[in-house]
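Handing you a structure now.
Going in written order, the chains are labelled A, B, C and D, and every chain counts its residues from 1.
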Amino acid sequence: SAHLGGDGRRKSCWYEEEIEQDLRWCFALNSILHTGASQYQDIALLDTKPFGKALVIDGKLQSAEIDEFIYHESLVHPALLHHLNPKTVFIMGGGEGSTAREILRHGTVEKVVMCDIDEEVVDFCKSYLVVNREAFCDSRLHLIINDARAELQTRQDCFDVIIGDLADPIEGGPCYQLYTKSFYESTVKTRLNEGGVFVTQAGPAGVFSHTEVFSCIYNTLRQVFKYVVPYSAHIPSYADTWGWVMASDTPFTVDAEELDTRAKRRMKGENRYLDGKTFASASMLSKVVRKTLAKETQVYTEGTAKFIYGHGAGHRSQPHA
Amino acid sequence: SAHLGGDGRRKSCWYEEEIEQDLRWCFALNSILHTGASQYQDIALLDTKPFGKALVIDGKLQSAEIDEFIYHESLVHPALLHHLNPKTVFIMGGGEGSTAREILRHGTVEKVVMCDIDEEVVDFCKSYLVVNREAFCDSRLHLIINDARAELQTRQDCFDVIIGDLADPIEGGPCYQLYTKSFYESTVKTRLNEGGVFVTQAGPAGVFSHTEVFSCIYNTLRQVFKYVVPYSAHIPSYADTWGWVMASDTPFTVDAEELDTRAKRRMKGENRYLDGKTFASASMLSKVVRKTLAKETQVYTEGTAKFIYGHGAGHRSQPHA
Amino acid sequence: SAHLGGDGRRKSCWYEEEIEQDLRWCFALNSILHTGASQYQDIALLDTKPFGKALVIDGKLQSAEIDEFIYHESLVHPALLHHLNPKTVFIMGGGEGSTAREILRHGTVEKVVMCDIDEEVVDFCKSYLVVNREAFCDSRLHLIINDARAELQTRQDCFDVIIGDLADPIEGGPCYQLYTKSFYESTVKTRLNEGGVFVTQAGPAGVFSHTEVFSCIYNTLRQVFKYVVPYSAHIPSYADTWGWVMASDTPFTVDAEELDTRAKRRMKGENRYLDGKTFASASMLSKVVRKTLAKETQVYTEGTAKFIYGHGAGHRSQPHA
Amino acid sequence: SAHLGGDGRRKSCWYEEEIEQDLRWCFALNSILHTGASQYQDIALLDTKPFGKALVIDGKLQSAEIDEFIYHESLVHPALLHHLNPKTVFIMGGGEGSTAREILRHGTVEKVVMCDIDEEVVDFCKSYLVVNREAFCDSRLHLIINDARAELQTRQDCFDVIIGDLADPIEGGPCYQLYTKSFYESTVKTRLNEGGVFVTQAGPAGVFSHTEVFSCIYNTLRQVFKYVVPYSAHIPSYADTWGWVMASDTPFTVDAEELDTRAKRRMKGENRYLDGKTFASASMLSKVVRKTLAKETQVYTEGTAKFIYGHGAGHRSQPHA
């Protein structure tokens, strides 16, 4: 109390992320909590002043304590709430545990299979991300260390919802194969039950950044599924608007009010970010984004890919699936 | 061509903005085009790599070439398109010229009064912002150097639309007086014609930042006008979602389709960002923001104010009105 | 070994020091080892990539693992080696412990009194600076928590060498009083034995920075002592050349060779930086510095002071003496 | 005067140099005066707050207005003053013009050949470095655009002094060939007159950095010349101590006093940095540096090289010779 320093003082320690080569985003640091390295990547848990604890993989922010709920609620709940009665869910990637945590809030869910390739990252998150401890201990969660594509191709069981929580598709990157038309067609679709829903994170979706991968993921899914819904939300710690795409061969007929009703009936606790109106707004894209999506012709196939700066090794949860 | 350097090379010169004390946003620089200082503030025009030419006042980014259209289309067109037949418009602040430029695209508009207190800033923008040159020369534009409050209180004429393009309300800041209940009641409302619309920029409106001034501007306007519409959009160069509030005593009844029809009929050129659906989405706020707005009790009066970090001297167009 | 990241990778966490308002010096961080706060100041021990463990007080680097030997050998050994037979030493400040460590290497020394005002800083360094643990445990060391001026004025005993390891003299700063002519005259000199030597750190002494306090400390001591020797050395982690001033009423007659002989005879272990030739070079200042010193007229008295940027609270070991 | 901003205000635009991968040195910017690119490299003239106008090549500071005199006086005058009567001088590199400027201050000098490979850099400096304009116009200066090695091997005439003002020797770098034993032996020595002196910049020479190239340049010259004198000086804008090595087959017998006498007799104007005592101090290296030099065994030959971080493309004046 006699101490005059504190918050007014100039900050000395900083986390610096190169969002693009000519654009940086810097957070003052309280401390560097834990650092580690797996066979595939470097991992760190930082305590940042503006965004709380931050999980950083290979110099890219994955998830920040104070706003990861926006990403994870947006990834999980639209798909599960649009499904009539989701009992089984498969997560491609998701090693951080937050996606599983959100899924497990749904009372209908009986089994969640989370398949991440990087055991060290999973162990790191299990140990240090207190907020996901309960989820990691839930008996409905089945954790598998494997390449998600190999796993899905080997398994015999089908799922009500499949969720892609993977690094962005970059040519030569570790996750590219999990965004291709052939993967969606011959693997994902065949592992979905009747009425099943697929949803994937789909990279940045800002007024400029949506052309990097978002429009192309959307267009690829449009080749494979009858009904495809792209949506987005601004995530402060990412310094950008983020995108997701939900797809199914069963039409999405749930309106904002019904979404709220289902959430109330099925889910434990209340969402902080997502509700019916939020999703209605999130899925009504701005003119410039809608235009790009309508005109997009590229499809991810084994032979093509698009580049997204610096997200090559590990942006989003499962970098090497 | 033999030159191997270029874009892959590490950048040496940077513009650095302290968004908050513990958060920085940095753009690689091509050059520092012009710098100047007025009686009130420092002003600079930078050529940045990620966002093009950027107008910076007192170390705060005002407007960047590649995405200022998001801010200015959002500020101007909803109000003008919701109005039945806007002929006269008053801009409080707006010295940059972009707000006037957007207004002048409306064929119905016969007279625009732009009232900014800082002549040097206006002259600087007139000289260097090529994109607004035509607007500054338009015979319908009446440029006045004065305090906007004093000007509105002195004038006898009324306007169809009044637009607030001012720095955020900060206690002791130069623009605080232009966001109070009493100013709205006894000055703005009395200068609006029957069926008139008022709109103001309303500060950051992100998942966290909307509590700084956005909710309070909204709540203050709700005390004064019968119909109040808050809306927001993510602006990449601001590293945040931004907010505006539109208000009137006449109900806003124009739907997305009609908005598009009016834009097509009345406006010169096509918008890049804003159309009916974009506005529908922008005005459907996310759950967390809606909750704050619903519960906000604070009202800006002569005696109260809220602080917003670092925006004290000059964030947004008219810092000293 | 399969891990490809490592040292070639872009660094994410940085310590940033504002050397002056327009000059920054930034070290990549491995970790933030410990942070604390005393009644007077903030303290941190960082693990930096370029300079190893670094002690930072109030955002100013005090001492870095890999080059603190330059500062501490330069501060301690010239004075002790020029003295005929130093048995008793008084340290003003020095809470870090490194100055005591260097003194205790001299076999002639029987008693070291270290007087620092900030107990928390001393405790922090005792706990975390492994390199000084032995020194802190040496039975010849007498640690006193007190204002060094008050302590010297109260004590009855005299010393062979008195060492100033204090923050720079800044008007209104905590250490200014310990650099004045009257303090040197009526306190320091009276506490020195016959043949005694006084030495003090004397701030930056670079081609430009020597005008900040170095020349004035030199000139002040010249008013009080018959023989005054200023000298300097470049310290990489400080990004500057640093200065010290040694003073006595007995002439300094030891040449480079004799200095080496004495060091060999009296001291435990070999110096890394300082020897006879190094000191000969260090005490032969460059033309521009010699000129300023020759022309300096200012003297630190109770009424005057000179400012040095940002070093107000705690640059060098004893910030509040 | 009513304007309160100014110097106390937070700086927004910065030049940032990566001295090493984990060490940065940042100067606040007033403006980016000129930028250009040659066939070999990028070039910029910046106006920095702490160091004035700064010439930057490929992201590496070459020379700063306020302290380039330290580098250039140290490079030129010891060699010329130790020579009995220097009439002809050859500069390898030196495109900036400052080395020529210093040489031309010597009244004995009748002819200076400056041979730099990069015409665009020379033209850039001619146009923008006002301080060297007079030198570029001096009729005694012969400017040649060529590889310095090729030029020396072709020419028939000999010189009293040859000066190496080149980028550091890095394996695979543009200047490596100009630091090898065979080059010194078969080219440099054969182009020196009887009593001739060779001097070269020799990279960083700090307590740690002297092992990068300084000790090896010294050791290489020691294989070729009978008398070799290494010396160093701290250059604030480089954030390091810099080194030079002077070599001859005639002994260096000039003492500090005689050096001052010769300077006074022969040179126009007074030096700011270098005089007899400064050189005496500069050539008395510190213990740690002397030890490395004494033990250095490596010699630059066509087959070996040592790496110095980031100085590959263009640190110091002639990057591609």
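One rule holds in what follows: a residue touches a chain if its C-beta (ideal position, glycine included) is under 8 Å from a C-beta of that chain, and two chains touch if they have at least 3 such contacts.
Source: prediction; values computed, not measured.
Contact with subunit B and subunit C alike is made by A, D.
Subunit C and subunit D, compared by their mean Cα positions, are separated by 33 Å. Between the CA-based centres of subunit A and subunit D the separation comes to 54 Å, rounded to the whole angstrom. Contact with two or more other chains is made by residues 11, 14 of subunit A.
Applying the touch definition to every pair of chains gives A-B, A-C, B-D, C-D.
The touching residues of subunit C, when paired with subunit A in their complex, are 2-3, 5, 9-18, 29-32, 35, 37, 39, 41-42, 44, 46, 56, 58-59.
Taken in their complex, subunit B has these residues touching subunit A: 7-8, 11, 14, 20-28, 48-50, 66-67, 70, 206-209, 233-234, 236, 239-241, 271-275, 277-278, 280-282, 284-288, 290.
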